[in-house]
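Shared between the two complexes below is chain A, which has chain B as its partner in the first and chain C in the second.
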Partner chain A sequence: MSEILEKIAYCVEFGKINQQSPYPPDMKGQLGADELTKEALDTGLAPEDILKKGLVIGMERIGIKFRENKVFVPQVLMSAKAMSTAIEHLKPFFQSGDVKRSGIFIIGTVAGDLHDIGKNLVSMMVEGNGWEVVDLGTDVSADKFVNAIKDNPGSHVGLSALLTTTMINMEHILKEVKAASPETRVLIGGAPVSEDFKNKIGADFYSPDPQGAVEYLNSLVA
Partner chain B sequence: MGKIKEALQKGKILVSDGAWGTFLQAKGLKAGECPELWNLEHPEEVFNIARSYIDAGSNMVETNSFGGSSIKLAHYGLEDKAYELNKAAASISRKAAGSDHYVLGSIGPTGKILMMGEITEEALFESFSEQARGLEDGKADAIIIETMSDIAEARTAIKAARSSTDLEVICTMTFEKTKTGEFRTMMGFSPSDMVQQLKTEKIDIIGANCGNGFEDMIGIVREIRKADPDIPILVHANAGIPVYKDGQTVFPETPEQMSSYVHNIIDAGANIIGGCCGTTPAHISKLKEMIKK
Partner chain C sequence: MTKKQKFDRLLNGMDLETAKLFRPILMHFAARFSQKTYREFASDYRVLVECNIKAMEYFDTDLVGLISDPYRETSAFGAKVSFPDEAVPKCEEIIVKSLEDAKALKNPDLYKEERTRDRIEGAKYFAKRLKGDIPVIGWIEGPLAEACDLAGVGEMLMQMMIDPDFANILMDKCVVTAKEFARLQILEGCDIIGMGDAICSQIDIGTYDAFVKERQKEIIDYVHECGGKVKLHICGDISHLLASIKDLGMDILDLDWQVDMDIAHDVIGPDVIRCGNIDPVLIQNSSSEQLEIMTGETIKKEMGRKHIISGGCEITVNTPIENLMAIRKSSN
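This part shows the complex of A and B:
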């Protein structure tokens, strides 16, 4: 891997957004994911390589550390911010079709539930791993999920819930999604959700951490 | 009645109340409905919850104001009613508690993350101050800042409660067990981080709520006690970890199962014990019985 791609991966892993950013303290004054991505493009590196051999590698590393409880939400958020800042430079190449993303992932917090921290973490991790993410926000009804799938054929869906009372709404949404689009895979997650619950309602996948969702999605397109 | 802290200094173990959120749901609160609005629209139901805990033997009862910051209420377009809803919450619990039980005015997290710039410290401070004033004017005895995962947000809430009311201030955070068996909040803080970093705010009582059943609370209380030999500790534990059964999620721990941990929690250093999600008046009644022994 070229040196600059490794540097980009490092900045994403440790949440170094740009040169001004004071975080992390031991990288103060150094270039961040923002400047390095621009520099990589200027030197002629392929946008797809910057995404998949730089940004994605960094996100994968932080995702694994988060799964292992070696880092917590703040570190992941800073990584995601570094990634999303860098990815702005790549947006024109997504639009032109020069960079193909792995697929489309639709995500939302289920009807009745307004909590978004977990949903946002998964959204950012999946995007940072090379997927296009359609984030429907919180309190999302079955209809909204179904319409988003119609607008984005071939996409997969993630349902999030924090409350024990709203997690049961996943079952209804899952049924509606499967009725409208049987081939769509439905992933579920959130504090009260478990593998057992996934089996009982018949969802396709459950993960206690965002990295699990990323790996499952990647396995669908491998 | 005096201060809670003074009662604890006499060596008493006090009993707090049980769940509010899951209790409101059992009474018909729908997902997506604003729980705090019940203080105005169904005050008798809210009163019945508070009263059932007093009847079960609680020395103190919380208020139905966990999501009562203007920031949270904005989800329902009710941000302008923050003061009124909190005042009503405290008044209802006061009525149920009478003059011989304490009322703890509940303040929960806003869901906004300071370090991501989703909100400023000033806006948080304003919102928590207004909430605390409403609770004090409704005659709460103390403010309980609970289910916190971020020290910065907890600290802002404590400062707001301190500067805008004369009430005792309690703060409890929510810890989970990591893969290596340590306890950390979602934002990565340990029970000893909490003690060390919040000590400077001169809180009266510290502790843990939610996230765990009674069993794991023992380790959390031990760690807090090790970090500070003197500070009073409050624990609000869940009735175990939720399981999905027949289309519903239930918290499985029975009052009897829960009660088997009570003496361990006291030995670890807890001074006030009560319940969080899934605990009922039956759990509190059992707790009371155990503590009397």
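This part shows the complex of A and C:
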């Protein structure tokens, strides 16, 4: 990996957004993912390489640390912020087709549930790993998921729930999604959800952490 | 012996081999048990209190509580809150969006604001109905939880990293209101103040120590000055925070199902009552026979220690009545 790509990966891993950002304290005053990504583009590095060999590497590292309880939600949010700030520079290349997304991932918190922190974490991690994310928000009905799949053919779906009382709504949404689009893979997650529950309702994948969702999605396009 | 006397004996480390107190967190379940909507439960103190008393009498719980939702204080600070029929009240807006907003935020008059007054009235009504025989747990939001309610969870967690001034100013205001809300509930008859700071399970110990610990301790010390006891409730896995939490001086620590009760006992020490920690999903989905076994195992492990049997968090609305009863019966 070139030095600048490693620096970009490092900035994403440690949540260094830009030079102005005081976080992390030991990188105060240094360039962040924002400036380094622009610099990498200016020096002629391929946008695809900046994404896959810089930003994605940084998100993978923070995802694994989160899974291992070495970092917690604030640190992941900072990494995601660094990533999303950097990715702004790459947007023209997504639109022109110079950089290809890995696929489209539709995510939402299921009907009846207003919690969004878990859904947001997964959303940010998946986006940071090169996927286009369609975030339907919270309290999302089966109809909304089905319509989003129709608008985004070939996409996969993530269902989030924080409450025991709302995770039961996953089964209904899953059935509707599979009826409308049998090939769509449906991932589920959230505090009360488990592998047993996934098997019971027939979802395609369950992960207790965002990185698991990323790895599963990447395996679908490998 | 009244339930209050039974609780006092537990606090003082007495009867640890024989008495096992039972206090599941009952909110939506209690409302449904009394054929009330959650809207009625969360918006009318008389409904909340009567639902709690009915559940307490049926399931023979040893304490009752005023907990309903996180947005009492948020509403008093000025946020609009809506009340779905069968869901937790919903905060419709984020009212602190900048450092200027945080600085300009005024601590509310809790007697004047409808939702905080409703809870204070609930404390008074409990006192009238129970005549001091049953310990009543009031409720306040912890400093980080309330700051997240006001500023948004993601934004607040990031502000602690980027802009400590914002985080500190906002949380200091949350502490002022938390202390006042606790004082008023104690004044009206609450014996214990529950402090919910659920989001803390999602932060690292360094951030917890830097922003939350001293503020929680300030609130706990103040509740003690006012003559109340404190029950700290943080949903989720707080194993990584226990080494810090042990210094707070709370009387009761709720532990969710992810926390190892033995480890918590070793870290927190024998003086704190640990409350928990059967997985609410298992309480909902297991058979009553399985729950009797689980409860029996918990009680055996906790014999001789200060402990209240409970779910790791709120008992879900769809929990079968016989399941909750199975836990009660096997705790006797």
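In this section, the second predicted complex is superposed on the first by the 222 of 222 C-alpha atoms of A that agree within 3 Å, B and C clash if a C-alpha of one lies under 4 Å from a C-alpha of the other, contacts with A are read in each partner's own complex, and residues count from 1 in each chain.
Operating definition for what follows: a contact is a pair of C-beta atoms (placed from the backbone, for glycine too) under 8 Å apart; a residue touches a chain by one contact, two chains touch by 3 or more.
Just so it is clear, the model here is predicted, and its values are computed rather than measured.
In the superposed model, A:Gly112 makes contact with both chain B and chain C.
In the overlay built on the shared chain, the residue A:Gly15 is in contact with chain C alone; chain B does not reach it.
Of the two partner chains placed around the shared chain by superposition, chain B and chain C are both touched by A:Val71. Of the two partner chains placed around the shared chain by superposition, neither chain B nor chain C is touched by A:Ala46. In the superposition on chain A, A:Asn169 makes contact with chain B only, while chain C stays out of contact range. With both structures placed on the common chain, the touch criterion links A:Pro192 to chain B and to chain C. Residues 69, 71-75, 77-78, 81, 112, 114, 116-117, 163-165, 168, 192, 194 of chain A are contacted both by chain B in one complex and by chain C in the other. Residues of chain C that touch chain A in their complex: 28, 87-88, 90, 153-154, 157-158, 160-163, 202-204, 207, 236, 240, 280-281, 284, 316-318.
Considering their complex, residues 22, 25, 30-32, 75, 111, 113, 115-116, 149, 178-180, 184-188, 242-244, 247-249, 251, 277 of chain B touch chain A.
For chain A in complex with chain C, the residues that touch the partner chain are 15, 21-24, 69, 71-75, 77-78, 81, 112, 114, 116-117, 120, 163-165, 168, 191-192, 194. On chain A, the positions that touch chain B within their shared complex are 68-69, 71-75, 77-78, 81, 111-117, 139, 163-169, 171, 192, 194, 196-197, 200.
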